[in-house]
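Okay, got some structures for you below.
Next come two complexes, and both contain chain A; in the first it sits with chain B, in the second with chain C.
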Partner chain A sequence: MEYVASMLVLVGLYIILASSFNLIIGFGGLISIAHPIFFALGAYTVGVLSVQYGVNPFLSVVAGFFVALVASFALSLPSLRISGDYLLITSIGFQLGLLEIIKNLDFVGGASGLGGIPNVVSGQRNLVFAGVSLGLALVVVLAVRALVRGPYGRAIKAMRDDELAFLALGRNAMNIKIAIFALGSGMAGVAGGLYAYYYQYVTPDQFQILQSAMILTMVVVGGMGSVLGPVVGAVLLLLLPEAITFLNLPSAIMGPLQGVIFTALVILFLFLRPQGLIAPAKPTLGGH
Partner chain B sequence: MLDIQTLLQIFWTGLANSSYAVLLAAAFALVLKVVKVWNFAQAGLMGIAYYTMYAGIQKFGLPAYAAIALGAGAAIVAALAMEVWGLQTFRRRHSPPLTFFIFTLVVSELVQYLLAMAAGTEPVSLATTLMSASHIVGGVVISEWDLKAIATTVVMMFLLYLIIKRSRQGQFMLAAADNPHLSRLYGINVRRVYALTFVVAAILITAAMYLFGTRASMVPNTPLEMMLFAVIAALLGGMGNVFGAAVAAVFLALLRAFSILVIPSAWQSLILYALLFITILFFPQGVRLTRRARKPAATPAVSTTPADA
Partner chain C sequence: MLMTQATPSMSATSAPILDIKGVCKRFGGVVVADKIDLEIRGGEILGLIGPNGAGKTSLFNLISGVVAADAGSIVLGGQSLLGLPLYRRARIGVARTWQHMRLFGSLTVLENMLVAPSHYPGESLLRLILSPAAVRRAEAETRERAHVILKRMKLDALADANVNDITFGQQKLVGLARALMSNGPVLLLDEPMAGVEGVAYETMRDIVREEAASGRAVCVVEHNVSFIRDLCNSAVFMAQGRILERGDVATLLESKVLAELYFGH
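The block that comes next holds the complex of A and B.
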């Protein structure tokens, strides 16, 4: 039961990450792979606030949301100001550069990581975290659904599908891009905060390119631009590696093997089913 | 207190170390110019070339030239496979740019993981010793590797210049880069041009990785960071300007070399990422050197009105 509950915590966390990333890449059409750095910023914010200042857990997670949201401007403003293409390139540098900074800062634990994050749940820890994680995941999925089905969502999709026509209508595409990038990043920050409280230890290595590949795989395999796609992708891709853990392979093989599975799946889906397992709904003439 | 010899030594070492960066930047910029793809899979090709050469030299005891040929062959096969089975398919389907981005990036990561599984994550180098015989010229230490690296880079870049500017295939490359649809109408086989571009890029990458591997050691995820350098140089040199990217790579390498005078070693690796931001912020179209404008002629020699056509 404990094992299942711990898996459910991860499922909830990755649904938040995949859904928020889908908002950016699937609905917004903004190509970035730096989502794990916002996850990291949320985790480190919670780590520092709880370890060094004893801040209330709820407020710490909220702070994680805002730190990730504000940090997203540092990436989106310079790169989107010029062209969307630059976002991907800048995002690689942003992620690796910030991780390099974290590795050199003593007050966040440096390369060895930040430990001693307090346990905020006393009894039935795994079950409580599973409940909170899945609850937050549900909130995020419903929030994304409400957003993309509303008038703002239609504007987002119009911008993604034909930016020139969107601009010709007098709409400001830049504001929408920055806003959805910030919102998606903030959601990743919330997942990071929860992650830090659950594992009570964060290290820069947990937020490397492997994480980017994993989240991207969940979105591509599940269905980019569909609300439920990332949910399916997250569940599937968290259960799949569990199958290979029974092979009892050494960790030096296990890590890269997981990476091979994730990346090979993305390539397969790009060729065989580019729309993913759950294709995005096609607009009807009625607009519904 | 800094003396002139120290500065000259930093300059020389920075220049020698820029050799492989120049080749990598040229390869990246060439694909970007002709194929119009941000080829993030270049990091994967770098890994394939490097580890093939490593296996040839260290595992099978092949001489260097045979290992280089083997590495180039592997990189060319991988590049062509990616172009023929991957990029051509997406072009045929009129896939959005996002698909090309994801594909090249994920191919790069896939290769990285496969190499980690096959060769482990311990650093490996192509030479048994990374020390090279050195000479002191005017107080500056000049190693034989430095000379070999600079000479190789100059020769490779000259050959690239000849291919692009003086060969028929090079002219086809420029035509396809300029307008692929019009090129097709003129009978140019654009698919073959793209394939040739990847072959040339793979050869440049192999040469760069050989130079790097005889100077330093590498782990499977090293190429990603090295490629980032090439991306910055390609941006700084001007989008699709192959020789501009090469010059930018020299500039960036020298900048990084001289930064040791003012930036602590622990923060050295951040320079690359800071440069990326500075480039995007201030030089998104690359650095353009201004030319003196020609005086307009008093009367036009040839009329260009449609009526003359």
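The block that comes next holds the complex of A and C.
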């Protein structure tokens, strides 16, 4: 039961990460690989606030959301002002550079990480965290769903379809891109906050660029631009490595094998089923 | 900010709504606009004709802000457009269509319209959160306006169809319908009749006439000479980024310069 609960914590966390990344890349068409760094910013914000200032857990996670959200402006404002293509390039530098800075900051524990994050749950810890994690995941999925429906979602889709035509109608694409990027990053920050409280220890290694590959795989396999796609993707890709462990392969092979499987899945899906397992809703002929 | 609905009181004899003076643009060695002077008045339908590469679409791009002019001035209703980004010019009142339509392929016909009004509070997250009732009201008004336009263009039965599932002629009409969602006084139509015939042709012609009659300043780039003859009060002939002649359509179409450059004899 404890094992299942700990898996559910991870499922919730990755649903938040994949759904928020899907908002950015799937709905917004903004290609960035810096999602793990916003995850890290949330985790480190919670770590610092709880360890050094004893801030209330709820407020710490909210602060994690806002720190990640505000930090996203540092990446999105300069790169999106030039062109959307620059976001990918600058996001690589942002991800690597910021992680390197974290590694060299003593007050966040440097390369060895930040420990001593207080345990905020007594008894049935895994179950409580599983409930909170899945609850937050549900809130994020519903928030994304609300965003991509109605007038705002329509504007996002139109912008992704043809940005020039969208601008020529008087729509401010820049504001929408920056807002989507900020919200998606803020949600990753919430996942980071929860992660920090659950594991009570954060190190820079947990937020490497390879996390991007995993989150991207979840989005692509599940269905880019679909609300439920990342949920399916996150569940499948967290269960898959568990299934592989039953093969009893040596641990030296297990790690690389997972990487190979994730990459192969992305390539396979992009060629054979680019819409992912859950295809986004497409308008068809019919009445209201 | 000029956001008023074009009114019938405007007439082709009033002061120009769009006033272009000395506009220049070059891309490296290619001159696409060479000291262009052009005035368009409310109620006027001005044809822009000339061979491929004459700079007609480039002029539309300069007016709407797709590309920035190197020199000159573009004034709409007394407000300079130079230096303003594309979306700001559209909000001030430049509505345009595209030669290749550029419809939003993942949206329905109606949704293409709903995303196109001059005022769209639903594009602001802050407004959605802080004043959802105002957004809902604006959305309802926009929806009503879209249905009226679609009905005028005989597209109302296709409102919920994906734009990729309708015919080419219908797509061209949707492109115009979407531009009409703007309240702006200037309407730039880039080859609206290319590949359009039959009922769609007649609908397009009638709607453009009605819009001009309501006071909009309409400028049409078109290779279809009979459409220009059918529709336009006056026309300008462009070649190599220059306006070579301007006059009434009949006189211009008989011009020797035009025959030589346009038809090659």
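Assume the second predicted complex is superposed on the first by the 277 of 288 C-alpha atoms of A that agree within 3 Å, B and C clash if a C-alpha of one lies under 4 Å from a C-alpha of the other, contacts with A are read in each partner's own complex, and residues count from 1 in each chain.
As a working rule, a residue touches a chain if its C-beta (ideal position, glycine included) is under 8 Å from a C-beta of that chain, and two chains touch if they have at least 3 such contacts.
Quick caveat: nothing in here was measured; it's all calculated off a predicted structure.
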Practice item. Check chain A with both chain B and chain C modelled on it and let me know: fit or clash. Key: fit
Practice item. Go through the superposed model and pick first if A:90 touches only chain B, second if only chain C, both, or neither. Key: first
Practice item. Based on the superposed arrangement, let me know which partner A:157 touches: chain B (first), chain C (second), both, or neither? Key: second
Review point. For A:176, is the partner it touches chain B (first), chain C (second), both, or none of the two (neither)?
Key: second
**Study point:** Comparing the two partners chain B and chain C, which touches a greater set of residues in chain A
**Key:** B
Check your understanding: Which holds for A:271: it touches chain B only (first), chain C only (second), both, or neither?
Key -> first
Review point. Where does A:167 make contact in the superposed view: on chain B (first), on chain C (second), on both, or on neither?
Key: second
**Study point:** Contacts of A:216 with chain B and chain C, given as first, second, both or neither
**Key:** first
Check your understanding: After lining up the shared chain so the two structures overlap, which partner does A:31 touch, if you call chain B first and chain C second: first, second, both or neither?
Key -> first
Study note, to complete from the structure: With chain A overlaid, the minimum CA to CA distance between chain B and chain C in angstrom is 6
Practice item. Once the two structures are superposed, pull the chain A residues common to the chain B and chain C interfaces. Key: none
Point to revise | In the complex, chain B residues that touch chain A | key: 38, 89-90, 95, 97-99, 101-103, 105-107, 109-110, 112-114, 116-117, 120-121, 221, 224-225, 228, 231, 235, 266-267, 269-270, 272-274, 276-277, 280-281, 284
**Study point:** Residues on chain C engaged by chain A in the complex (per definition of touch)
**Key:** 64, 66, 85-88, 90-91, 96, 98, 102-108, 111-112, 114-116, 118, 120-125, 128, 135, 139, 160-162, 165, 178, 181-182
Point to revise | Of chain A, residues touching chain C in the complex | key: 150-152, 154-155, 157-158, 160-162, 164-173, 175-176, 179, 183, 282-288
Exercise for review: Could you pull out which chain A residues touch chain B in their complex?
Suggested key: 25, 29, 31, 33, 78-79, 82-83, 85-86, 88-90, 92-94, 96-97, 100-101, 104, 209, 213, 216, 220, 252-253, 255-257, 259-260, 263-264, 266-267, 270-271, 274
